[in-house]
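Pasting a structure below so you can have a look.
Chain naming follows the written order as A, B, C and D, and within any one chain the residues start at number 1.
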Amino acid sequence: MSIASPDSFAKDHLRSFVDRIESEEAEIRDRNQIKSEIYKEAKAMGFDVKALRKVIGDRRQDPDKRAELEAIVDLYKQALGMPS
Amino acid sequence: MSIASPDSFAKDHLRSFVDRIESEEAEIRDRNQIKSEIYKEAKAMGFDVKALRKVIGDRRQDPDKRAELEAIVDLYKQALGMPS
Amino acid sequence: MSIASPDSFAKDHLRSFVDRIESEEAEIRDRNQIKSEIYKEAKAMGFDVKALRKVIGDRRQDPDKRAELEAIVDLYKQALGMPS
Amino acid sequence: MSIASPDSFAKDHLRSFVDRIESEEAEIRDRNQIKSEIYKEAKAMGFDVKALRKVIGDRRQDPDKRAELEAIVDLYKQALGMPS
């Protein structure tokens, strides 16, 4: 099957791949929409969205690795005379 | 309810927002994983993944707007002596 | 020289790396500012900024590879019954 | 001067905009190259590049705003029973 001049077999496959990818992308768009609505809801209740995003980002990281990185960051800030 | 010193009511809400957002993010990660597997499948069958991504990207755009943009791009390329 | 408890030698080096990186970043910010002003100038003269960005993006690519990709994209669009 | 069918006046302007933008982009590429070499140099001397990037990122932010955000983040982490 040469993709250079697709026969009907290849056309069907191409169509199927496009449909499957587009259906996943539609689902991802929906989920991102839901996510941004949840953040709006949190904001309306007085939560700080930037802080909420930071907490959720930190939760994605391995706690030990994150603690180790923050210790070195604090050390460098101290060496530079910055508030930690 | 002051978010500065969250009482149990706020803690429950905070926990619920975090759980809901993380569950959407887990779903999005899964869908992105499925998407990349579909592209791998297409590649294994001889399709050009870069071209497939471009086609799917173009399909997201309004056909008339895309055609209008491409006409101006071709005009500019001609004016610059570039192959269109 | 242990970075875990930086002595003055390490502090000086840390300071120098930070200063050097920040100076490159300042230069990059300035250049990006100039770039966006040029685009504003072009827009004010009636040029289509989106088309201009596309032309400049295409110029970054190897012409032969770009032509090859576009040929496959057109082939796939044909197979899908899309306007090219 | 209609950009739809550029006369020589428009062609010259188009050429000049493209040249000016590409020269800024070349400068930005060079600066980014220098930046990554500085990070490599720091790494070779034993500095933690991820921590260095974090420190430089934090230095870009307004210290008071950053401290305020981190206070809220710590509060939320406490409410969620996370290590701060």
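The definition used in the following text is that a contact is a pair of C-beta atoms (placed from the backbone, for glycine too) under 8 Å apart; a residue touches a chain by one contact, two chains touch by 3 or more.
Predicted model only: the values in this text are computed from it and were never measured.
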Study note, to complete from the structure: More Cb-Cb contact pairs, comparing A-C against A-D, go to A-D
Exercise for review: Report the inter-chain centroid distance for chain C and chain D in whole angstrom, where each centroid is the mean of the CA atoms.
Suggested key: 10
Revision key, fill the gap. Chain-centre distance (mean CA atoms) for chain A and chain D, in whole Å, is 19
Exercise for review: Could you check chain A for residues that touch two or more other chains and list them?
Suggested key: 3, 14, 18, 48, 52, 55, 59, 72, 75-76, 80
Check your understanding: Considering only which chains touch which, how would you classify the arrangement: line, ring, star, complete or other?
Key -> complete
Exercise for review: Write out the stretch or stretches of chain A touching chain D in their complex.
Suggested key: 48, 50-52, 54-55, 58-59, 63, 67, 69, 72-73, 75-77, 80, 82-83
Exercise for review: Under the touch definition given earlier, write down the residues of chain A that touch chain B in their complex.
Suggested key: 1-3, 13-14, 17-18, 20-22, 24-25, 27-28, 31-32, 34-35, 38-39, 41-42, 45-48, 52, 55-56, 59
Point to revise | Residue ranges of chain C touching chain A (in the complex, touch as defined) | key: 3-6, 10-11, 14-15, 18, 72, 75-76, 79-80
